[in-house]
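Alright, structures below, take your time with them.
Two complexes are shown next, each including chain A; its partner changes from chain B in the first to chain C in the second.
After this line comes the complex of A and B, so read on.
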């Protein structure tokens, strides 16, 4: 009886018409929140970026068109910050992918004690960004920090190094803190992909005389490539947005050496109180992120391994 | 043929067993090194938080504290204290709990209902809209904060927890939609049909049939949403000013200014902010890993 009714349901179009209205009602609350907190501000920031708006002169906000964009895109400060962002992004994302792949392969080995590693790998990921940055700020501290103590006590370094006070070194210490926190995420994503790699082609290739490296290169790596790409885009997006790690560790210093574009935009708006310029920078960063998000979404829709 | 299959592997096996042992030793070594790299920094944070100031500024550094003390951890949580910044930190702990819990609840309800519509109902622009939502989740806060600040100050909501809850709901909701839509799509539509045959409406099917079988997915999504909010720093830095609404990340940021040389106090603050997410991560590990990988590995 039920079976018959089910078949009829299927034949006669399952659910009643008018689902559009139901769908609209179900999506409306979420859409309203997202509209108010994301879509409206995104238009608002574009609007604000077209006006000359600085704190010292709040009552005079003339419309200046794209002048804020021209000012920013021709300023040395912006390009220096963009260069630092690029350095931070390439360094942190590159190291995280390489270490993450190594860690995923290690966790995928049939070792008796691998559950310990799988269990503890989540720790750095779970640390709040601010706690992680504070922890590394303290480890890298020039006088009493653990890193200097460790390196001198083991004889690797002969003198103390001012890790966060040296403009040539500080950005790499920020990269290190970012790598510590985010490598586990990359590793967990790649581990999930590795666990779906089929065994048969590898066995077949072995029979045909392929070596371990060839099997890894042409079968394993080729199979998990879509997930590697997803991890790459995901990390690139986050690295371009990075704020908390750098702000807590160095405030963008010393001598602006860790001032990435997000820090630069924040300081333009909230330390120089140039809101028009800050809005233009914010909009430029949003455009960059939306471009990356489009790539990310295309990768997801491309149907990587499930 | 039998001769080749039995004869050939022999010399190889002998050779490979030596290299296999070396490989195993190498793998275990790599594992130990990795574990040290993962644990040592966090362990040092814990040790620092219970070391006396004298222990921390001894040169050369002695790694084991001579005078361990729980006084800072107590001052920042339950012990009696008159220190202003410790009281501010406690207020921030309370604010974080309120803001994160309320945001997670709001985003879970609105996001799950919307996710069901995206997964099951047929309407124009369905796929496009869900990706637009996903893209809003990825927008950088720096791009949205200037207008948000203006709106919220227009409504007199600056330095309130309500402002934070509203703003956080804006980026946690699309995150919930994304994960729950994926989860619902993994559930057979036969269940919906069966519920329909038994006389359920769409919403009835969601409530009585789909949600009960989605509990693991709901749980892992809620945990990830909670961690996402707990971590948020940028919006809170700009939208909060006093202990009426400051959350833990902002309180820690203030700590750095006030206790710039009290390293133990800083470590204690960082540790307390880290404990809830770390404990949740260890307890709910399976759900977190499945949620993380489902969101990005599957389409």
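After this line comes the complex of A and C, so read on.
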């Protein structure tokens, strides 16, 4: 029965009649849950974003149309936060990709004790985000943090550097914490891709006189390009809505220098209790991410393996 | 056979879903008003950290129940960070479960404005109005009305390192901010400590607390005039921000303060890396705990010059409470002199008379002596219904001034200009 169903599914792309309702019943609970926890709030939030809805002021909540969106799009705070998000995303995703590729190449070499290396690399990824942020807050602590201790004791820095208290440095310190945590994911994805690279084209290229770099550039990199794009998509979207790392490390400070768009939305919705504005921000962030996704999907489609 | 298992699985999934739905819908109904056998059940919301511990609140509650057999109290504890949201959502959007809630000193205006707490002005016992420190009382006040029974008492103190001060030739802690600056300059020039002062100036509520404390000693913490127009861009508050910036620029205040919260200031103090720091009562115990502190016996405590920020909290009776009288009775019991004097390990009493009892101060006379003065001179942060938004704007302004991105005057003027928008949110 099962075999038959699978064959028919493969041939016609459809479930056989008898199995159809079963398939429906099997996905119904999950579909119901998704409907309740995703679709309903999605519409609810859209509706909320059209009202002047400040929780603490329940008696004055008029319908304001797209006013919340206009307010946000014309506010300095929104664009400054979006800019910081962009900086955070580009910096963290870029560094993670370069480091991740390097680590993946290293882990792909037939080294002795390769399993230890792989185990070590995956460790930061296994840390909960909040623990990672707390750990980095301690490391970056100006007076008793490990980073300043290391730099002053090795003579690289002559005095303590105020990592999280200086608005020009703090954003890069939260990028660093994010890089530490998420590079392993990129490395593992790329390692998996590297292991599928066939040996024959490389051997053929070598026979034709290609050097190591050329082999890497035109064969290995071309082969793993789709996975690189997938890693990029995953990390970009995650980085764009980063919250926990920054909230734990700096709460958006100093002087708002690490206030990314997710922190801005949180503060609007839950600190000022401006639910209407927060809902509008939620939709604007979603739109920005959809825009990014569209670009990536186009890139993914346009880059088949050759 | 395989399909049989699948059907069973589907059935199981549906049952699980129904159980889940039943569980999640049953909890609000259990929060109703229990009235079995003529007894009343009160629901009280507290916070989990700082001040009285869960066990102490439980002990106080048991004592109250023993004295009032017709009233039962169900207590609930949440993190401070969740307290405000929990109260607001319960009262505004939710089912109004709680009868009485712990209210921070910065919330009465907002809660009173939204009508989610009851006006207790005429109901408070007379011995409270006369016996409790006036400035502690102000923590539950908004526009002349009282919305909370003051209970948890705390303020910012000036902690100082006696050994460092002695090395620089000073016998007493500073009593004014000008004196503190003079002492700090001497400490720095003699090379006793690199950064004499450490503050909790991170972009958080604590930054506003330090600013308010320093304003209290720099001409007064007056933030609005009688007409409700902002005055925090002049007088004491402006002078305070200018002093903070000056101290940072002169290397008297630790530049890392810009990223520091209360625990960071405590750690720097007890590591012996600062001569002065503003922090809360609990630091005194930590400073004298050999397990944590490198400077046991060296850290002194003094009232902040001119008065420290009121960090107290009060117990409010909610709008939704059907047993307002019983709730008030419970709150008054918790805050009674007898109860407050019984549990002094984590919070000091708010009663003036308690400080004339040497047997209470036996363990840490220095702390009690400082507190007796400090509790009398506490200053309040701005009392406006839109406090959270205002505080967020002020936090950024303080940081912009401290990082040199803006002058203190321009940074505070900018917030003053935002006030009409913030107020009309």
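As a convention for this text, the second predicted complex is superposed on the first by the 270 of 306 C-alpha atoms of A that agree within 3 Å, B and C clash if a C-alpha of one lies under 4 Å from a C-alpha of the other, contacts with A are read in each partner's own complex, and residues count from 1 in each chain.
Just so we're on the same page, a residue touches a chain if its C-beta (ideal position, glycine included) is under 8 Å from a C-beta of that chain, and two chains touch if they have at least 3 such contacts.
Fair warning: this is a prediction, and the values are worked out from it, not measured in the lab.
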Chain B versus chain C as contact partner of A:22, first or second or both or neither | both
When the two structures are overlaid on chain A, which partner does A:256 contact: first (chain B), second (chain C), both, or neither?
-> second
Go through the superposed model and pick first if A:84 touches only chain B, second if only chain C, both, or neither.
-> neither
Identify the partner contact of A:181: answer first if only chain B is touched, second if only chain C is, both if each is, neither if none is.
-> neither
Of chain B and chain C, which one touches more residues of chain A?
-> B
Figure out whether A:270 sits in contact with chain B (first) or chain C (second), or with both, or with neither.
-> both
Classify the contacts of A:235 with the two partner chains as first (chain B alone), second (chain C alone), both, or neither.
-> neither
Counting only touches as set out at the top, which of chain B and chain C does A:31 meet: first, second, both, neither?
-> first
Overlap of chain C and chain B interfaces on chain A (superposed complexes) = 2, 22, 26, 29, 33, 141, 143-144, 270
Sites on chain A touched by chain C in the complex | 1-2, 22, 25-26, 29, 32-33, 54-58, 141-144, 160, 162-167, 170, 250-256, 267, 270-274
What residues of chain C sit close enough to touch chain A in their complex?
-> 2-3, 6, 10, 13-14, 17, 85, 88-89, 92-93, 110, 113-114, 202-204, 254-260, 264, 267-268, 271, 273, 385, 388-389, 392, 395-396, 399-400, 402-403, 405, 425
Residue ranges of chain A in contact with chain B within the complex | 2, 5-6, 9-10, 14-15, 19-20, 22-24, 26-27, 29-31, 33-34, 36-42, 44-45, 47-48, 102-103, 106, 109, 111, 113-114, 116-117, 119-132, 134-139, 141, 143-144, 146, 149, 152-153, 180, 184-185, 188-189, 192-193, 227, 230-231, 234, 237, 240-241, 243-244, 247-248, 262, 265-266, 269-270, 275, 278-279, 281-283, 285-286, 289-290, 292-294, 296-297, 300-306
Chain B residues within the chain A interface of the complex | 24, 27-28, 30-31, 34-35, 37-39, 41-42, 44-45, 48, 56-57, 59-61, 63, 106, 109-111, 113-114, 116-118, 121-124, 126, 129, 131, 133-136, 138-148, 150-151, 166-167, 169-171, 173-174, 177, 193-194, 196-197, 202-203, 227, 230-231, 233-234, 237-238, 248-249, 252-253, 256, 263, 266-267, 269-271, 273-274, 277-278, 280-282, 285, 288-289, 292-293, 296-299
